[in-house]
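What follows is subunit A paired twice: with subunit B in the first complex and subunit C in the second.
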Partner chain A sequence: MSRWQYFLRRVLMSIPVVIFGTTITFALIRLGPLDPVSAILGTQYNPQAAEQIRTNLGLNQPLWSQYLDFMYDLFTFQLGQSWVIAPGTTAYELIEIYAPRTIWLGFWSVVIALFVGIPLGFYAGLNPNTPSDYAASFGGIVWRAMPNFWLAIMLVTALSQLGTWTNGLFTWQTWIVRTNVVTPPALGFFQSPVEQFLADPGGWTESFIRATKQIAPAALVLGSASMGNEMRIGRTAVLETINSNYVETARAKGVSGRSLVWKHIFRNALIPLVPIITGEAFLLLGGSVFVETVFAINGLGWLFFNAAINGDLPLIGTLMFIFILILVGTNILQDFLYTIIDPRVGYDG
Partner chain B sequence: MPDTNKLSRRRFLKATGGAATAAALAGCTGGDGEETTTTESGGEETTTATTTEEDTGTELSGSVFNRILSGTITTMDPVAATDTSSGIIIQQVFDCLMSYPNALPTVENELAADYTVSEDFTTYTFQLADATYHNGETVTASDFIYAWERLAASENSRRAYFILDSVGVEHETDGEGNYVPGSLGVEVGETETELVVNLSEPFHDTLEMFAYTSFAALPEGVLGDVEGYDGEMEYTEFASNNPIGAGPFEFAFWEQGTAAAVSKYDDYYGQVAQVDNVRWQVIEDDTARYNYAMNENADYFGLPTAQYDPGLVQVESTDEYGREIGQYGPVRNGQTLNYVGVPTLSIFYVGFNMEKVPKPVRQAFAYVLNQGQMVSEVFKGRGSPAQLFTPPTIFPGGAQAANELIDSEYPYNADETDIQAAREVMEEAGYGEDNQFEVQWTQYNSNTWEEMASILRDQLASAHINMQIQKADFSTLLERGRNGQLEAYTLGWIADWPAPDNFLQLLNPPQTDTSEQGPISYVNWTSENGDAYQQATDAYQQVVNNPAPTDEAQQIRDEAYVDIETANWEDVAMLPIYNRKDETFWYDTVNIEPFGGMGPSRQKLNNVTLNR
Partner chain C sequence: MSTTTETEIPLRQRVAENPQPALIWAAVGAVLIGVELGAILQVVGAVAGVVVNLLPGDPGASAVQSLQAAFDAIPTLVSRDVIPNQGYWNGTGYENTFLGLSPAVAWAIRVAFVYAYAFAVLAWAWNGYKRFRRHYRRVDWTPRDDVVNRFRGHSWGKFGLIIVITFVVMAVFAPALGPTTMERNILQPYDYEVSYWSEDTQSVETVLVGEANLGSGSQGAGDENVAPMTYDDFGRFHPFGTATNGKDLFTQVVFGARISLTIAVVAMGIAGLIGLGLAMITAYYKGLADLATVLVSDSIQALPVIMVLILMLVIFQNTWVRELYDGAVLIILIFSIVYWPFIWRSIRGPALQVSEQDWIDAAKSFGQTPTQVMRKHMAPYVFSYMLIYASLSLGGIIISVAGLSYLGLGITAPTPEWGRLIANGQQYVASPSWHISLVPGLLITLVVTGLNAFGDGIRDAIDPQADTGDEAAATGGGA
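And then the complex of A and B:
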């Protein structure tokens, strides 16, 4: 089977997954107890007003016809307008507003996890049962064990009070660049980064640093669990590889330490980490409703949650559809990565 | 169709109050905050006014009054807005004929420079102030006709019944009872700034209704969502980027889910705003809001109950409106805040679906519930215990008459947990250890209310009542209420206008039938499940039959209000818990008048000054 046949098969197999996922979304929202009209009117419920809204939203049509419309619109990418959260605004526009923050947050939390967790894990694995291994492992376990909801609140509270505790010597808000502890970062500098950078390199860099600093605490919290995970799994993977026969053989052949680690150990130890890392990609999409809430970064997670509890069908449908597409996409990507990293995995069978 | 109008008017009452409820239950009034940043260096504190550099959003030039919104903003269209957050901003951008000055519960003229009322109270003639919109056009009577036509006929309007049924402006209906576009009884008078409004029957709170932002003026023809207009701009453009009103502030920007701001309108016909900008950051989470405020990112804000310590309040004076003014602190960052606590016209209550919860059980609830205990232990004193459904300040005869009535006639021991009496009433009805009554308690997702529910559950367990606690989001809670699926439920009500009928229409038995379309409340009060059904029904009919703003009609209504209250005591359709106290806090960087009983969202901000 060629690469392309394999790819095609994977894509075809994902179609039922997408249909199933969106159908479930529709069913949960429309058959459940959620009533978007109640959400719009609140307790100021007036039957006439409600009837009018129902007609406008097409909620008076038979359910099967609503379902067909819903699916048709999604699969032809005619993403509808929000009903409740921002009436009249298209789901696409809303995603455009909310997604960048979540992606920025997700990006940094994955980066923190990757660049702290994996090196630490590998270091611990290469130096097993030494004090530094114990320190790293213990740290990893503690880090892993701290729940997000606790860590987030502690961090926000601590950063807010640093000024008081240090008697004004150090405040998070004024450190390097002035930022708030909570609220979303300004990401305007990404709109046309090259031109803006060329026009005003200093200002652009400052905006970049500011946005990074603003997102850092939230990213640290969100990345903390995966950081611990990657550290632990990285350590185990290295230990397993280091003790395998082919490493011993390579060593016996006189392969140098550096080449041994990078060529034989590192690559093989990455295999179990791949699904962990791609799994984290979900952070980029859903973010974490909780972390976003505590840091007042109203991003996609927040939007998703609000759309869900208010029965905002077009919005939730669109978000689910896109999430499912991206998840299916990352799964396909993951399979490709396997074939690149692990020579034993091919397209056959 | 006078009857329909009356019924709908009650409906309206219910409806409006509800909104308040929603906001209240959601746990907040729009707080406020400011975006000053404080730099501490060497013990010396310097405060700098900043624009929104630290935040997302457009930068604002000049001084900025920073506040917090605890709920997300949905639209800038006055006829489409149903939530408090949108309402707070719309209040600054749009002006109506009337307004509540600093949210005190007495209306005064706004865009109306003067008005006269006909002897039969059905024709109101308004002379408009010499005002302009933010686009420079003059405010004329035909703008109101256009704006109100939108309210009645636009597909974007969510408040058509306000003008058609609640106020009852004359209009025609087609065979199916729908409004015929263009048939409103509103016309231009002798000059182009004279507005004549014809009602189909008198209504005692007409002027108060005209203070509602749904009735705000907007330039004629700006939108094309009613017949005869093409619209100068797209609807979404108006509703999210460019709303044009005649209010003291122009719209500056709104970034979805993040922040919004308004800027001073220099040609305002009234007091031109003293601050250049007002900015609201949207933060829904209590903890985040608290941190934002403590970091002095906001000037003016509310405090979540969890972070609120009643011991830190020092009340210096209480004014004629019952507003407690003083200081609060020191707070976490060492500052002492300015404080105002105002009893708002609100009621939070337990409603019973009387079809499912028999009278002895309801009475047992009434015996056991100690409103005073709940307010002090659960709500940290942020309210006053209530036995009456009408807030005492608007009760006929005022707070004193309310207290006298409670002292002489309240049947269930006010502010006392009487488990013994509860047990007796249950045992008389045949319940006992082996025959407990199971009741489901449904409430909004709130920890505070859950705490209260647990206390009640434990107390009721000794009175042979087994109470299950369930939480639901609003859209679900109300839907289930309307379908008659609730048993005991908690909701609240906040005044749209300061009169008891605004509250007591929830207790008009025929309108509580959940098998009908659109019940006002969900208690299913019938003659089978309540002995005082007839008393309440008759009394409410008296209110409906005497709608005029005259002393005579007022007196008949007042008597009827008392009858409805005592009928409710007898049958325990709704068990009042407390009237909420709204509290706001602000740093010395702001000078702002305390808000009144209509709540902070009704306060216009053109008199606010900053000192930094």
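And then the complex of A and C:
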């Protein structure tokens, strides 16, 4: 089977997966012990309002028709609206408001994790069994073992107390630009960035730096697990590559040290890192609930959590569908990257 | 040892031929278990009580109760009664404490004693294995010996094992370790009294535990704080300080260890059974069974785990399942449903390889049933891979449970849980009452590090050439 046929098969496999995943969500929401209507109405339950919502959501229909409607609406991207936390607002509007913050957070947590984790791991792998290797490895393991929400609480405290601890020499709030420690990032500069930048380069750059600084601590926490994973896998990958025959051969025929590291070791060590990097999507989506709660960033995770505890089941169904699409999309991306990077894909299974 | 490898001699006869090592070992064991017999019987009584409670109509409830009372009366070595620490200062010396020592010292001695006992039992069990290997085993060498020896040479794994044992002992002996009891300090504080030395009246006074708790909460500055390793105003010693409501933090932490470890181990056990069973079926029958399982497991894996947990906990919030063990039963069920695809994925490859072996064909042609083939000839080869994956995933479950409880969705009061303690002290982290959030978090970090190290050790011991690609998904979990 050629590589691209293999890739195509993986893409086709993902269609039933999305359908199945959405079906599980439907089953949870409509067949679970929690009645969507009483969840929406909560304490203000009255039969008339309940009947109206029931008709509105199509809950009077037989179950198979509800299921078909549910699936049809989602797969044609008629995402419905919120009923409790922002009644009447469409899911599109809500996602448009909340998603950018989560994307900004996710972007920086991937970047920070990549640029700290991989170099540290490669460094440890190139200098195995030295004190610095042990320090880096042990640090990575402990760093990965810390619960995100706890790490976030501790980091918030540390940042807000920095001024007191250093006697006012350094405060996080006033460092470079003034920000609060716990705050949603101001992302206004993203609307028509080119025009804004041309109109006021200094102001635009400042708001970019401000938004980055606002998100940095949360991104550091959210990336902690992946950072540890990347370090670990990076170290093992380098160690395995260094001891492989082709590196020996390259060294024997006189390839220079720099070219050896970059061309022969680095590129091959990247292969096992691909699933770790794409696997971050899972860690980021789940972790965003906790990190966004502690850092008061009202993004998608925060939206999902609030929709859940307030019983906004229609909105939850929609969000779940979006999350499934994101995760399945990342899996396809991973297969795509594999297909490009690793020529062996598809030959043995 | 022996040159005879006849397999017919049963173990009983081999022991009878050379009884001395076994007798010494059994005698030591009898002493070690005998001093704790009361505690073991109490556990039996408690389990019987739970079973009776679950049965409709509570048959034999009174019999079980009298049985429990009888078991409670048996003295045990490692218990609060032997080394009591809940005494008070009477102006000249301590009363009702071990040897008249201060409550802090008495408590420390009891903790040391509990751990010494636990490690003695473990040493005894290990010695039993070595005696069996040396004197009674039919063969001189088995492949499993290599696994054990590789683990013994793995210091990182041994470090993990010691940490894991420390936490398991903490969970098992939780009632004996705390400076006070769950019942007295946390569940029914207004049913118990505490005596203390009052500086104002220069005499011993008594107060309800609940009221004493109100006066010894940790809520920030000055006299509103009971720091770790200090006494509160009522002469009670708090190794980890108190929580915001004045309840002892150490007691809550050790019982929190109990619930966290139980959930992680039971959930992983159920998920492992499902995963192993399905791996056997899919590897044996292949084809459609395999494809269907791929589809279902891929779909479950495509769901964001934390979001599904949150959604399911919300959906089941007012049902009877949610009430069982303050939510632990529901959480265990959810985790098993969400985690089995990961386990199945990790052992699918090895299971397929085993199913291609010649001995499977041989077993089939000998007329063994599919279940027999799967159980006897396939499962043992795959089991070790499952063990590796499961041990590396336990930490992720512990973190997720703590995270959910932190959000107020996981384990509910009154059962103590680490995540809820962290939430409890969150706003006081920058104040003198920092210990409430810090201590449970550090313990989670420690136990997860220990579990990961132990898992690494098991992996390197079982399969030195193991592929390390899969484990990243196992740990973490996103909380």
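The criterion applied here is as follows: the second predicted complex is superposed on the first by the 314 of 349 C-alpha atoms of A that agree within 3 Å, B and C clash if a C-alpha of one lies under 4 Å from a C-alpha of the other, contacts with A are read in each partner's own complex, and residues count from 1 in each chain.
The working rule: a contact is a pair of C-beta atoms (placed from the backbone, for glycine too) under 8 Å apart; a residue touches a chain by one contact, two chains touch by 3 or more.
Small disclaimer: the values here were computed from a predicted structure and weren't measured.
In the superposed model, A:311 makes contact with both subunit B and subunit C.
Of the two partner chains placed by the overlay, only subunit C lies in contact with A:154; subunit B stays clear of it. Look at A:186: by the touch rule set out above, it reaches subunit B but stays clear of subunit C. Looking at the shared chain after the overlay, A:293 reaches both subunit B and subunit C.
Looking at the shared chain after the overlay, A:33 reaches both subunit B and subunit C. Of the two partner chains, subunit B is the only one touched by A:50; subunit C is not. Within the superposed three-chain model, A:279 lies in touch with subunit C and out of touch with subunit B [touch as defined at top].
By the document's definition of touching, neither partner reaches A:260: not subunit B, not subunit C. By the touch criterion defined above, A:142 reaches subunit C but does not reach subunit B.
Overlap of the subunit B and subunit C interfaces on subunit A comprises residues 33-34, 153, 156-157, 160-161, 293, 309, 311. Here subunit C touches subunit A in the complex through residues 294-296, 298-300, 302-308, 310-312, 314-319, 395, 399, 402-403, 406-409, 419, 422, 426, 429-430, 434, 437-438, 440-441, 444-446, 448-449, 452-453, 468-469, 472-473, 475-479, going by the rule given at the top.
Across the interface of their complex, subunit B is touched by residues 33-36, 38-50, 52-53, 56, 84-89, 94, 97-98, 153, 156-157, 160-161, 163-164, 167-168, 171, 173-174, 178-188, 210, 214, 293-296, 298, 302-303, 306, 309-311 of subunit A.
Here subunit B touches subunit A in the complex through residues 8, 11-12, 14-19, 21-22, 37, 39-43, 50, 53-57, 72, 74-75, 80, 82-83, 155-156, 158-161, 165, 235-236, 239-240, 255-258, 281-285, 287-289, 291-292, 294-295, 297, 332-334, 472-476, 478-480, 482, 491, 493, 517-518, going by the rule given at the top.
Every residue of subunit A that touches subunit C in the complex is listed here, in rising order: 13, 16-18, 20-21, 23-25, 28-29, 32-34, 141-142, 144-151, 153-154, 156-157, 160-161, 225-226, 229, 232-233, 236, 272, 275-276, 279, 282-287, 289-290, 293, 304-305, 308-309, 311, 316, 319-320, 323-324, 327-328, 331.
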